[in-house]
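Going by the order they are written in, the chains are A, B, C and D; count residues from 1 in each one.
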Amino acid sequence: MKMSNMHSEQLCVNMGPQHPSTHGVLYLDLRLDGEEVVDCITHIGYLHRSMEKIAENRTYTQFIPFTDRLDYVASMNNNLAYVLAVEKLLNLDVPERAKYIRVIVAELNRIASHLLAIGTFAQDLGAFATPLFYCFREREKVIEIFDEVCGNRLTYNYMRIGGVQFDLPEGIDRRIKDFIKYMRPKINDYEGLLTNNPIFLERTKNIGILSKETAINYSITGPNLRASGVQWDLRKDEPYLVYDKFEFAIPTGKNGDMWDRYRVRMDELSQSLKIIEQAIAGIPEAQATVKAGRMIKPAAGEVYFRAESPRGELGFYIVSDGSVNPYRLKIRAPSFSNLAVLRELVKGVKVADVVGILGSLDILMGEIDR
Amino acid sequence: MVTLSSLIVMVLVVSAVLGFISASAMFLIWWERKVSAHIQTRFGPMRVGWHGVLQPIADAIKLLCKEDIVPVGVDKWVWWLAPFFVTVPAVMAFVAIPFGKNLIVQDLNLGILYIIAITSTGIFGIFMAGWGSNNKYSLLGGMRSAAQIISYEIPLLISIITVLLFSGSLSMQKIVTAQAKYWFILNPSLFVAFFVYIISATAEVNRAPFDLPEAESELVAGFHTEYSGMKFAMFFIAEYTNMFTISAIAATLFLGGWRGPLLPGPVWFLIKTYTIIFVLMWVRWTFPRVRVDQLMGFAWKVLTPISLVNLIIAGWFILK
Amino acid sequence: MAITEQIPGAEFIHKLPGGPVVLASTEKIFKWAKSSSLWPLTFGLACCAIEMIAAGASRFDIDRFGAGVFRASPRQCDVMIVAGTISVKMGECVKLLYEQMPEPKYVMALGNCAISGGIFYYDTYSVVKGTESLGIPVDVYIPGCPPRPENLFFGLMKLQEIVRKERHAAK
Amino acid sequence: MRQSKVFELIKLKFPQVSEEDLTKAVIVPQELLPAVANYLKGQDLSFDNLHCITAVDRLERIELVYIFYSFKNRQQAIVKVYLPIDAAEVESLTKFYRSADWFEREVYDLFGVKFLNHPNLARILNPQDWKGYPLRKNYTNPNLIRKP
């Protein structure tokens, strides 16, 4: 008798909302046949904070701190996408120096975010705490820089409409350069710890395969899309700020399995370091901010702007009616679409792979539930 | 006929063994926390006693005075008995472990068989915990552990049989005596057996990378998800005691037991045992976990054939 | 009820000469043990959870205080760190988790959202205005948005102080 | 290819569509939406990605905003559908784009737009027994305290 003909009674396991590896408050309704997943229904909304309703009652500047709390691992990138959207609405051009500063902090935050993604992914595969804590050790270095730049560890609230809150402090370029020098060999450490580990390879290769067509059809973005073999990065394809001045590659995967998604993130770490290096070298001495005023009144109109956040394309759709508050603000969060594909990916895999695939998608509940 | 004096001796020996077990388990818990912390570039417990040495004692006292929750819907008897079924075999195995030349509770002439037989019954407790908790995570953990332990028992036993071919006896003390000339691990065929034994024994005691029954990132806490307070502590102590037992067996069977120059026997025995435990900890805090089908595949497709071939080669050597 | 009263024969020990001293010191040991081994629940709600992990990670290392054993099962932990915004949908689950924890149990509200709703107090329809409004008693409030790991340690030390100063070892 | 070019192409095929003055978005009558989506996804325009669906409550009507993207042509298209507020119903796009599933559920949850023939039109962010549609301008809830 073939194994595939054997079925047992379906077991319904509720994973979450409190579960060590659901990355926050996600609730998966798993239907199991033995250890095999038959179906997985995803329930979200356990962190729904009604950001979009808040936005309608705040001025444009007042909403910046709320964007910090969307994707709280990459606050700078959220700030950035939001202020760029508002600037596009206002047709405001920011000084060159501000653009460079924005690129530097956004890329630093991308490194911090990818480190967390790699660490939690390894944790989900059962490498208990060690890779995660190694990643946190390096992440602390980035946070230290941010702490000096804007005085906070997690929610930076650093970008302003028309520039940045403060200019970079004295001597920060030295520290950033030190960090780059420190970080490069550490990437090799991770390669040694995870990449060539036979158990890790066995667990990640050819599992959770996301094909190119499915990825596009599900509107997957970011590293997950690139891992499926689509060479697409907004920083390169629709360059904003000064990304077109820098040289960097877009790492892509082949199969779109867990290992490719991990690989793409690992490669992006070094690419981000490369961008920061070039930005530090080319930063012009100038004013960092233009005065946009505290009460911003854009003309009536609509704008959709998206930027490449570490998890994918973060878009802001802002409708203005000419008053100080946005009439409607829609946040198009990358994790939202990235999570939607989970049900497709986990059919037929083992329970252990569900958490692995979830970890490899690198979702964050803050921006899914908003 | 039990006389009073033999009864007193018995009580003394039993309390000595129990005392050693709890002390050793607590030491191991502290040590594991320190080892893991230093692997992760942390310090681990520091505030409770010197470098946190009193930490496991504090933990134990705290667990002792925690509320003992009996969830609604548990299979009462099974649920109650499970921690005892896990702990008692772990303790009973100590009867036949030789700590020194004369330091053994009872040198059974079927010593190793007894230990293997006793430790395998620990699975009943785990499965009872999984079944009795009436929790799906526990059930999955219990089922995984049953499948895992049955599969790994085979390569484990075959690797031990390889040793027995060379020692010619099942008695633990005689196995140690047989290593008077050289440690068994230096024999090429037993070298292979040693690794088969260590891998299957790691799986047997549910340590990472084979810690599927209590896989935290998948099954919350596995078979002991619903246990609180002292019952949870019993699972914890049993886990560390089992770890000590398998390492002690490895030290006895392959590393010459309590034999060693200069230092007294028990010291050598403990050094060897704790070295193996340290390696197990090192592995635990470095490797990711394997998946359940890979785990079974590894046991049946890799370890069992290797150990069988190894046994045949060893037998051929001896007959030659 | 004091924990020592649960010990079999406590009344008899109390009557013996020196008995109360023994009981009192036992009580002290229990309190010491409880305060030095506060195991938190692995339970991150939102932003503050990242700082909670950071507090457990290499730089800060909450394990130094004996509180580094993050247990995923509520049955095995002593302190619930409510780290983040509680939404209306999540409220019931938080309450359930609190009820599943065995006594003696403590709650730390980490961050403004867990204290009062924080910046999500106004204009939202889906945020619970703090942990206490769910009916969960909070022992330590740690303000900040998010609080730094140092603040979490300060809160933890305050909680240890509370535990040591409790009238009875069993709550 | 610009948004206006996309509009012209759609206009050729579907004469009923019009262009919004301010935003240059393509306004599609609600009964034509599936046909337009099918055309957008087809060979001529190959908009293979439905990037986002959202809605705006304009008090008298609800505007549905569809953002399409074509990876082949590197081209974005914004399509709008005006719906009357008291009978907000439109055909679901799930049979063309899988990403529409969750986006439509979100719009249903927050604006109360009914998507016909959706495989599982249930609330996604709010609890299933939630009353009202929170992002409509006239939404009230005792929990909702206005900032003074």
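Simple rule for what comes next: contacts are C-beta pairs under 8 Å (C-beta built on N, C-alpha and C of every residue); 3 or more make two chains touch, one makes a residue touch a chain.
Keep in mind that what you see is a predicted model, and the values were worked out from it rather than measured.
Novice: Name the chain whose C-alpha centroid is farthest from the C-alpha centroid of subunit C.
Specialist: Computed centres place D farthest from subunit C.
Novice: Would you say C-D or A-C is joined by more C-beta pairs in contact?
Specialist: A-C
Novice: Based only on mean CA positions, could you tell me how far subunit A sits from subunit C in angstrom?
Specialist: Distance between chain centres, rounded to whole Å: 32 Å.
Novice: Indicate the whole-number Å distance between the mean C-alpha point of subunit C and the mean C-alpha point of subunit D.
Specialist: From the centre of subunit C to the centre of subunit D is 46 Å.
Novice: For subunit A and subunit B, let me know how many angstrom lie between their CA-based centres, rounded off.
Specialist: So the centre of subunit A lies 43 Å away from the centre of subunit B.
Novice: Can you give the whole-Å distance between the Cα centres of subunit B and subunit D?
Specialist: 61
Novice: Tell me, which residues of subunit B touch at least two other chains?
Specialist: Residues 40-42, 216, 220 of subunit B touch two or more partner chains.
Novice: Subunit C: which residues touch two or more other chains?
Specialist: In subunit C, residues 57-58, 72, 88-89, 122-127 touch at least two other chains, as defined above.
Novice: Give the residues of subunit D that touch two or more other chains, as numbers and ranges in rising order.
Specialist: Residues 125-127, 134, 144, 146-147 of subunit D touch two or more partner chains.
Novice: Could you run through all the chain pairs that touch each other?
Specialist: Here the touching pairs of chains are A-B, A-C, A-D, B-C, C-D.
Novice: Any idea which subunit C residues touch subunit A in the complex?
Specialist: 41-47, 49-51, 53-54, 57-59, 72, 74, 84-85, 87-90, 93, 97, 119-120, 122-127, 145-146, 148
Novice: How about subunit B: which of its residues touch subunit C in the complex?
Specialist: 33, 37, 40-48, 52, 54-55, 57-62, 65-69, 216, 220-221, 224-229, 232
Novice: Once bound in the complex, which stretches of subunit D touch subunit A?
Specialist: Listed in rising order, the residues of subunit D that touch subunit A are 22-23, 25, 48-52, 54, 56-57, 65, 67, 71, 74, 76, 78, 97-99, 101-102, 106, 110, 123-127, 134-135, 144, 146-147.
Novice: Show which residues of subunit C lie in contact with subunit B when the two form their complex.
Specialist: Contacts found on subunit C: 3, 29-30, 32-34, 36-37, 57-58, 61, 63-66, 68-69, 71-73, 75-76, 78, 100, 102-104, 169-170.
Novice: Please output the residues of subunit A touching subunit D within their complex, sorted ascending.
Specialist: Touch list, subunit A to subunit D: 44-45, 48, 50, 52-53, 57-58, 214, 216-219, 230, 232, 237, 300-302, 304, 313, 315, 317, 319, 327-328, 330, 332, 336-337, 340, 344, 369-370.
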